[in-house]
Structure formats: structure tokens, C-alpha cells
Amino acid sequence: MTNSIEIKDLKLSFGAVTVLEDLNLEVGQGEFLVLLGSSGCGKSTLLNCIAGLLDVTDGEIHIQGQNVTWEEPSRRGIGMVFQSYALYPQMTVEGNLTFGLKNARVPKDEIAKRIARAAEVLQIEPLLKRKPGALSGGQRQRVAIGRALVRDVDVFLFDEPLSNLDAKLRADLRVEIKRLHQTLKNTMIYVTHDQVEAMTLADRIAIMRGGQIMQLAHPSEIYNRPVNKYVAGFIGSPAMNFMEGQLDGGAQRFDTGRGLEFSVQGYEFVGPPTTGPVWLGLRPEHVQSGKWAEDQPVQMEALVDMVEPMGSDTQVWAKVNGQELRFRMDGQEAVDIGDRIPIGFDPARLSLFDKSTENRL
Amino acid sequence: MKKTIALLASTSLISVGTAAMAADLEVTHWWTSGGEAAAVSEFARMFNENTEHTWVDGAIAGGGGTARPIMVGRITGGDPMGATQFNHGRQAEELVEAGLMLDLTELAEAEGWSDFVNPSSLLDSCTLDGRIYCVPINIHSWQWLWLSHKAYEDAGIPVPTNWDEFVAAAPALEEAGKIPLAMGQQPWQSNGAFNVMAIALAGTDAWKAVHLDHDAEVAAGPDYARVFEAAAQARAFSARSNVQDWNQATNMLISGQAGGQIMGDWAQGEFQVAGQVAGEDYSCLPGLGVNEIISTGGDAFYFPKVNNPEIEAAQLELASLMISKEAQVAFNLKKGSLPVRGDIDLTAANDCMAKGLEILATGAILPDTNQTFSPDTQGQLEDLMVEFWNDPSYSAEDAQRQYADIISRAD
Amino acid sequence: MTAAVTTPRGARPKNPFAPRNIMLYGALIIFSIYYLLPLYVMLVTSLKDMAEIRVGNIFSPPVEITFQPWVKAWSEACTGINCDGLSRGFGNSVRILIPSLILSVSVAALTGYVLACWRFRGSEVFFGILLLGAFIPYQVLLYPLVIILREMGLFGSLWGLVLVHTVFAMPINVLLFRNYFVALPEELFKAARVDGAGFWGIFFRIVIPMSLPIFVVSGIIQVTGIWNDFLFGVVYTRPENYPMTVQLNNIVNSVQGVKEYNVNMAATMLTGLVPLAVYFFSGRLFVRGIAAGAVKG
Amino acid sequence: MSSARRVRDGARPPIRLLRNLSSKIAAIPMVLVGLGVFVGGTLWTVLHSFTDSRLLPRLNWVGLDQYERLWSTRRWLVSIENLAVYGIVSLVLTMCLGFFLAALLDRKIRYEDTFRTIFLYPFALSFIVTGLVWQWILNPEFGIQAIIRGLGFQNFNFDPLYNPDLVIIGLLIAGLWQGTGLIMVIMLAGLRGIDEDIWKATRVDGIPIWKTYIIVIIPMMKPVFVTALVLVTSGIVKLYDLVVAMTAGGPGIASEVPAKYVYDTLFTRQNLGQGFAASTMMLVTVAIILIPWAYMQFREKRQ
């Protein structure tokens, strides 16, 4: 079976400004791909190119084995869900769902069948006769998904569909989308800037920056083995701790040069270990404290600067020999500003990046 | 009438059958005041009664300044009316040159217009390269000082008989709360009044030098300096006259609010409509009572080419009708103007018209400024005059300098 | 009472005659007088007879109300030898208004739609040209338009005038529509394109149903402009098609004897009736439409 | 790379001109009007301003003669001065008054609808009607002056339409009466678009209302002011009907304006060349004002 979507050497520029450059991407059948990045990274632009809403400057786009580079959006076999829902305000929910089908001259009974199915799947039957203005945000987004659903297509495109919803609704709908994917087994491309959505939904995540894909991999791979400092800092909340220092490749030791020095033995180098200036990344959740620090390969003492209790756990801002470090503690542990507590971590969970290229070592 | 039909039949362009076809003929003009409308209705009535055609009235109010652009626009825009008014003179010159007007020469020769049109200069204005393109309708002369008997009676002084007496009587009128000189504020009125004073006070020779030879030296000379002085004086007399239209000014005479008005003979129509009698309720002094001479301006009708034989037939019939004796008498009596035919006897003419006819007979005539200057030059003079008449701080010397400047560039 | 002043408790006491309110409503009322005065003068004058006008002052209400001036203005006032008042022009104005309104608003809406949603290379340049067109004095284009209409064979016809209205309505109305359409959510167009709607489908099914307010604004501006137009009506049509304003001008300027102010005022009011009615009945929508469309840069 | 494109299955080759064909068809009226009427008409006018065309246009070149004459014509100079004075005063007053009225209406008053209708209705009336009515009200014999004198103030003088020094004031009174309503509505719409929280913030900060308007609100309403400015300016340049209906340029030539000079010269004076020269000068003036503004807008967009 061929890939569901293939993008070859895609380039998009507006005048002198190049937004996407030499972008290649392959999405498998039934895969859930998340395009993740901060605003302006080109993720939505890429999605619009796939949808045919933007004309590409160069390159090719294939969907289901068809070259659709110059095809109209409606004839690419895609459905799309937008951040602002983009429901036609003057039409009823039913009108919104049928608009595309009527344009495609789908027979009436077929339309009815599809509407019924979509309404059932999304539980929006009672809303069919209402106008979008009379719906809540969650209901609207459900209708918007329904609009993509009734098109009966192989590929769904989501453009930050949950960004306009409040936190609780977002979590609910996220689950629903995941369930939908499991039911339908369609190919889905999902654009978001929310890493939780990305981590929970994706089969693979493509982290984008400056019109290029930084890393395309399974969520755990991205989380555990980010290819560069940007990806490392982008994924994970609270963000990864970065320490600037010198790596001695032979002795496998790291030295900040300001009084903190420890061994990184156990770290899986991509290539042969090198010596030179590096960034060392350490996720806050990988730092153990108190009695759990005792069996960690690397141990040190931290001076607590600030405490953020979150209930389930507590985030601690601390200093270790002049080096800022954030880490998490169990929510039940008592900790206060000015406390000195032992901490420890396993170098296997570290990330090391070259100082100049910022690529993973 | 018979003559015309014979002519039309003989031109062989038009069969007898089509000649009998009735056409609607749209006639545009700017005659909308009481006397004017009454006069033009005479034409319409006779045209509707005597021919099978229908007169469609296209009156455009607001005077020639408003109406002429619309007429020219229609003609050059390719949607000409059946017939249209212009003043004697050069307003339609380029339209004729551009071949947009119907050639009336055959009709004129058949009816012998040149035999009876008096003065013949009127027909000359209609002629280009020996062909005739318009029908003169009437003669209007500007050179009249109209006087309200009621105003002078109210002030307890006799009605003046010339300009000097009028000037002398002005303070008495002022004292009686009257306005000595009624003036409308439109530019053409300011310019017209000045021109009347120029003929009367500077003399015919100086006037001719300026108007015919465009002699700027005379315009800057002492004869005209006198005119400007007098005009400055007249300006003071009319200071409280706050009306726009000429007939509103005339109305001030009729109601006795104002003593006099320098205005053309068309003012007579207003007196008539108001039921006033010449010599009893009002009097008229040609040439301001100083220099009894009149200019022969007036109106003519042009017939734009339409390329439709039926309408063309109707146009020729209207042209013929307008210059016929009956129409001339009926129209001009109502209008207060003089007929263009020398061969009719206006027994019904009132005092003022009779005076005009007398002067016409003596040949003491001058061309109208519309004939001597292009509309462009006229316009510049109007700008100057309207400012001069309305701005008391504008000195006579300054105005004369400007005047001479315009004359030096006049065409 | 005094207790309420000394110890603030409960609802704050309201004073309708607070200095702030007096100034606010005072200013509003003074301006209202300025704006209403002419309407009042028109109305009372049109209900007086000439004798009363001559002696009385223009602000005093009529001693004896007469509708004669209105009758005269509508059906008797003369221009030249035609004495049928404004009634002749009313029908013409309606016949000019309806096609001009429909055409000018449709063209402007469509053009605004192209400029907002379907930009192509150079479309902004044309928009700029249109905007500059708003600043070109009409007089400059009167003559070229005569030539253009002549070449099209439309000069003097009703359609010629309709076309002229459409042309001169374009700059401002296109601006209004474009600004309104630009502010519509872009994702709606994307959704519609994914749903297979094309240029016209999006326009008729999505954009127009969402744009009532701006159509109202443009419609009102056009009704006012077309109905009040004098210059184009008189230059580009023939007398049988003259709109009401030409008749108004004729009546006002055809002075027969004394100026009949009462008839002039009645004629003036009659001419203004249609746009006034439009304003009174849709003023609220107008403000809403302006808020939605005209304000955004 | 792009020249050696492979033939792609199922896709049609893009022809630039035919892409979005419907939208290009729909743009035809704009292109025709823009190029044919506005650009074409303007070029035609400019071209003929270098000729001695009289009643009918003809290409008989006379160089800059028409312009020399134009700038030595008193009436033109007076017209330009009048337009400048009227334009500036009217622009400032229309904006201020429009904003002031809008601010009054925005103070959560009662009968807002009524007041708004009162301020807006004159916009429904043509300049011809406006001119007539105000001409009458300002007539010294039975208008305001007569009434106030009748009340016993015999020395009261207010006859702007008959006083060359004051006639512009007369025009302004009528022009403002007709035009401020629309600007008020636009400003009101702008005020309604201001976030309520801004008002709350300034109230908490204790900033007086008038100061809030000047320091906070007006700067926030820049786009609104631009729209209003475009409307008012384009109206001012075209000022014609009002003058004709109210003063016909009088007394004397004290209230002449450029558009009237153009119209009179073109049509009444039958001097197309001169009229076109005058219209060209009007266009140049507009361009001098507009082009720097357009340029600034363009540069702002770029950044």
C-alpha cells in the first residue's frame, strides 16, 4: 500500500519571502500525524498547501497516490476542520453538513445517510435544525468535524481545532478525536501548538520551525531523544533545564566551569563522544529528590529558591552550585524556600547538544 | 405653410407620405420666467395646431448658463433634440463647423428670408460659408433703463428722463427707504449693465473700438474711465439689492421697492404679466435716455442633424413657422422683444416696444456682445464685472486695468 | 435623607439634574436645534400662503395651514410650458433609482468580493485607481463620459445614466464592501472551498447571506446619491427621463413674478421624502452596517 | 527544475491567466471603470489641457498657455484660496463636531436613537436642498438677522451670504449641517468598537473623561479617522452643488470654488482647454495630498 500523503520538495514563497522550503513528508495510511510548532513555523501553511488552499511555488503533493498539486481543494479527497470552526452562520447545522455534498451533487438519500451517520458518531442529532449561533463552542467544533466526516474522505486535516475552547472542553474533545481516529482509521493531519495534544494524539509528530521539519518521529522518541536543542526545549512541560558547559568526551564528564561537574557515563551518544562546549539538557521530571535521589548515578545538593505546589506534584526552582535547575517533587513532600535537599538523576536520560550546531550528540 | 410642404416635396428626399407622418419634436430652451413661458407657448400652440407634429417642451431652468452646456452635451453626445435655442452670436459656431446642424439654406431661399429679415446682420450670424444654419426669432436689446413710477411717487419726486437725472434723484429715493437701482447678482447681469453704461456714456465710437477692434488702449482710456466711475457710483445705488435673478429685481420695481433697473427689453414681459402699463406704471429709457441706440442681440433656433427624415421634415416646418408673420407677432408681443421681420406692423406694440421699433427703423443699431466676443471672453468679463459690482473696495481704476487686459487678449 | 448622604449605603442616589447631565443633554438639545431648524422652517413655510410669508417671520408657525403649496409643487408648478409640477419627475426618479441601485450595488459588491477574497496580480493597483477615482471631481469626467457613452450608443438613454451612476458609485462602495469582506473570517472561505464551492458559490451562498449590514449601508448611500443627483440626470438623459431633482431645480429657478417660497419648500420636502424615509426606517441598520464595514481600515 | 517538470497525472496544467477565471471575469467592471473611465478620462483631460480646444475637443497644441492664463486669472486664485480655507476649516470642524456628537451619544444617554436620527437626517438631503434652505434662513431680510432685529437688537448683523468676507462661513454652516451626521455615525461606530475594559481601566486610574478621549480613545481610533478623512476630503474637493445652490459664487466672486470654475469654463464659457487645465490642476493638488499618504500607508503595510 502506498503512503496516504506524499509531499515532495515542496516550496512556497510569497515574493521574496520563502515560507516553506524543500519540504518532504510521507504520511502512511491511517496514520495520525501532528504538525507541531510555535506560531509562524509554517505548520498551518503546510496544511493549507495540502488542502490546496494555497498554491505551491514548487514541488508536488500526492494524496492517495494521486498527484493533486494543481487540484481544487474539494477534489483532493480531504476534509478539513478549522480553528474558528468556520461554520456558515446563516445555515442550519444540517445545511452546514450538506453544503459540500450538494455542491458535489451527491444523491439525496446518500446525503441523508451520511448525515445520519455523522450525527450519530458525533452525537449532534438534536442540533441539526439549529443555527451555529445557538451552539456552544464544543458543539460547534463537533459540527465542524461532522462537516469533514460527511465528505467520506480518506484524509482529515485539522487546523488547531481545539485552540478556541476552554481547557476542560479541550481535553474532552481531544479524547473524542482520538476515539474517532480509532473508529474511522482515516489518515489525519493535525496542526497544533499544544504539545499535550500532540503527545496524546499523534502516531508521529513533526516538529516544525522556520518552514522546515526539525524532527519527525514517534512522540516518545521526540520526548526522549530530541534531535536538537530547539525540539528538546519545545517539548515537555515544564521545559527542559539547559546547562552550558564543557564536555570531556574521553572521561565522559561535564563541567559548567562554575563549580558544577559530574559524569555523564551511561549517556547514549549518537556518534563517538566528542570533547568541546555543549548544552546539557535535563528534564525536570527526570530529577529525583530526597530519598529517591540516593540510588541515582549522579547526586548533588540543591538550594530551594521558589516552590510551586500543584497538588499532585510540586515544582521547585533551585540552585545547584550557581546553576539554575527546575525539578518536580512529589506533592506530599514538605519543602520550603531556603531548604537544602539532595537530588540525583540518571545520565542515560540526559540530552547533550553541540554548542554551535545545537544538534544532539 | 404651403410653400414649405411644396419645398419638402420638391427636395425629393422626402415622399409626400412621410411628410404627413407626425413627429414629436423636442425643443429645448431656457425660457422659464412668466413672460418667457407665455411667449414660447405661442410657438408650441401654433406648431401643434398648424402641423400634425407635436411640440415636446424641453425647458431647462436656470438661464442660458445652465441650459447651454446640457444642450451642447446632448448634441455632441449623439442624442440631439429636435430644435434648440441659442443666442445670436457665436455660441453654436463650433457645432455648425463640426457639421452637427441642419442646413436651412434651401428653406431660407425658398421663403426669401434675406428679403424680410431686418436687420440683416441677424441672418449673417446664422450664416457660415454662405449656408444658413439657424432661424433668428427675435431681437433683444439690452440698452434700457426701467423706472418704477410708484417708487418715485412714494419719494415725491418726478420720474427721471435720463441717466443724469436718475443719478440726481437717487439720494431722495434712498431717503424714502427705496433702493435706487435694482440689480440681480448674476454675472451676466453685472456685465450687461456695465455694457449698457459703456454705450451710453463712452459713446458709440469708443464702444466699437473696444468691441469690434478689441482695442485695449481705448479700453484703458478716458472714455472708459468715465464709464467705470459711473459704474462705481451705480454700484453704491444698488448696494442693498440682495436678489439673484433679474426678474426678482424687476419685481422690486413693480412693487415700488426700487427706482430703476438697467435690463434688456425682456423685462417688459414681467411688467406685462404683472398687468402694468407702459408710460403709466413704468417707463423705459432706451440707451439710458442718453444715447438712443440699441444692440440687436436675441435668440435664434438651431436644428441639430438627426438623420431621420420624419423629424427633419418636422424641423423644417418648425423653422418655417417660427419666422412666419403670425408667429413673430404672437411670440414677440408676449416676450417683449422686437420681431426679426421688417415687413410686419406691430400695431399692438406698447410704448416701449414702439420706441424700440423706431430706433430699429432709424438704423441706430449695434451688434450684441455675444456677437462681438467669444463666450470665453464674455465669461472673463463677467467674472470681472460681477466682482466689481459686488465689492465696494474694488476701485474703478483697478477694474479698468483688468478690463483693458482682458480686451487685449479678447477673441 | 441626610443620613443617606453621611453614611453611604445601598444604591447610590441618582440625580437627574446633576451638572454632568445638564451639560450633556444641554449640548445635545442645542445641536438638535441646529439640525432641526431647517426642517422646521421648510415645514412651516410650506404650510403658509404667500401673504403670510411676506409679513410674518420664517420661524413662526402658520396661522392658517394650507396644503395648496404642496399640491402646487406636486402637480401644478410650471417649467416653461409644462405645468405638471414634480409628479412628472417622481416616476422618472423611481425608474432611474431602481436599476441604478441594483446595478451599482451589485457591481460594487462583486468587485469588493474580488478585491477581498480573490486577489490577483495587480488587483491592488486597480483598487488604488478606484480609490483615487473618489477624489476626481465629477466635472473632470463629464466630458470623457459623454464621449464614452456616445461611442457605446447609450447617450441619452436611461441605461446610460444607470451606467454613470454605477461608475461614480464604485470608489466609495467598493471600499465599503472590500473592507467588510476582508473582515469576514478567512477560514469560512477555506471551508467553503474544501466543500467544493467555487467563486460564485461562495459569493452567493456564503458571503451575501452574511453581509446584510453592508448591503444596507451601500444601499442607503446609493439611494441618497442617486435620488439627489442633479448633474448626471440633466447631462446624460433627455427631458422625458429627467429625475425629480431636475424638476425641483426648474421649479425653484423658474421664477414667475415673485418667488413662491412656500411652493419651493414644499417641492424641496417632496423631493427629499424618499431618502428621508429610507433614513428614518433603516437608520439603526445603517449605524450597525457602518460599524461592521466602514470602520476597519 | 521547474522547466523540466514531469507531466503529472490527474492534474491540469496551470495557465496563469485562466486561474480563477470567474474572479477575473468579475473584475472586468473594475478594470474597465478604473482604466477606461478614471485613468483614460484623466489622461484625455490632461492631454487636452495642452490644446486650445474651445467648444469641441481638438488637438491643436499650445503648450502651457492654458496654465499660464489659469494662474493669472483672479477668479481661479480666489477659488483656490476659498477651497483651501473652506477645506481646512470644514475638515477640522467636521471631524471635531462629528467626534463630539458621537462622544455625546456614546455616554449611554436616553433617546439615543432620536438624537442620532436628528443628527443624521440632513445627510439624506442633497446639497441643492441644503443650499436652498440655508440660503433662506440666512437671508438678511426675513431670516435670522431679521428675526433677531425684530426682537429689538437693531444693530444685529448676520448676513454671511451677502458679505464677501463672511460668505465662507455661510457655506460652512450649511456644509457642516449636511455632512457631520455621517462622520458622527462613523465615529460612533468606532467608539462602540472600543473595548469596555479600557473605560474601566481609565475609571480606576481616575483619568477624567475628556482626557481619556484625547489621550486614549482617539489614538485607538486611527482607522476610523482615516475612513472619515477620506470621505470628508473627497467631498471637499468636489464642493460644487452647495455653492451653486447657495451663493452661485457670489457675492461677486467671493465664494467661487475650483470645481465651479472648471464647470463654467468647460461648458458655459466653451473653453475646454482652459477648463481641462483647471481640472488638471485640481487633480495635481489631490495627488500632492494623496500620494505621500498612500506611500506612507504602503510602507506601513510592508513593515
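Labels A, B, C and D are assigned to the chains in the order they are written; within every chain, residues are numbered from 1.
Convention: contacts are C-beta pairs under 8 Å (C-beta built on N, C-alpha and C of every residue); 3 or more make two chains touch, one makes a residue touch a chain.
No experiment lies behind these values; they were computed from the predicted model shown.
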item: Shared chain contacts [subunit B and subunit C, defined touch]; value: D
item: Between A-C and C-D, the pair joined by more C-beta contacts; value: C-D
item: Distance-maximising chain from subunit B - centres being C-alpha averages; value: A
item: Separation of mean Cα positions, subunit B and subunit A [Å, integer]; value: 90
item: Between subunit C and subunit D, centroid-to-centroid distance (C-alpha), Å; value: 15
item: Cα-centroid distance, subunit A relative to subunit C, in whole angstrom; value: 54
item: Averaged-CA centre spacing for the pair subunit D and subunit A, given as whole angstrom; value: 53
item: Residues of subunit A whose C-beta touches two or more other chains; value: none
item: Shared interface positions of subunit D, touching two or more other chains; value: 263, 266-267
item: In subunit B, residues with contacts to at least two other chains; value: 69, 73, 76
item: Residue numbers on subunit C that touch subunit B, as the complex places them; value: 78-82, 142, 146-147, 149-150, 153, 155-157, 234-236, 238-240, 249-259
item: Subunit A residues within the subunit C interface of the complex; value: 48, 51-53, 72-75, 78-80, 82-91, 99-100, 103-104, 144, 147, 151, 159
item: Residues of subunit D that touch subunit B when the two form their complex; value: 54-56, 73-75, 139-141, 159, 162, 164, 248-254, 263-271, 274
item: Subunit B residues touching subunit C - in the complex, by the definition given at the top; value: 26, 28-29, 31-34, 37, 40-41, 44, 56-63, 66, 69-70, 73-74, 76-79, 81, 245, 247-248, 251, 270, 273-274
item: Complex contact set, residues of subunit D against subunit C; value: 20, 22-24, 26-27, 29-31, 33-42, 44-45, 57, 101, 104-105, 107, 109, 113, 115-130, 132-134, 136-137, 142-143, 146-147, 150, 177, 181, 185-186, 188-190, 192-193, 222-224, 226-227, 230-231, 233-234, 237-238, 240-241, 258-259, 262-263, 266-267, 272, 275, 279, 282-283, 286, 290, 294
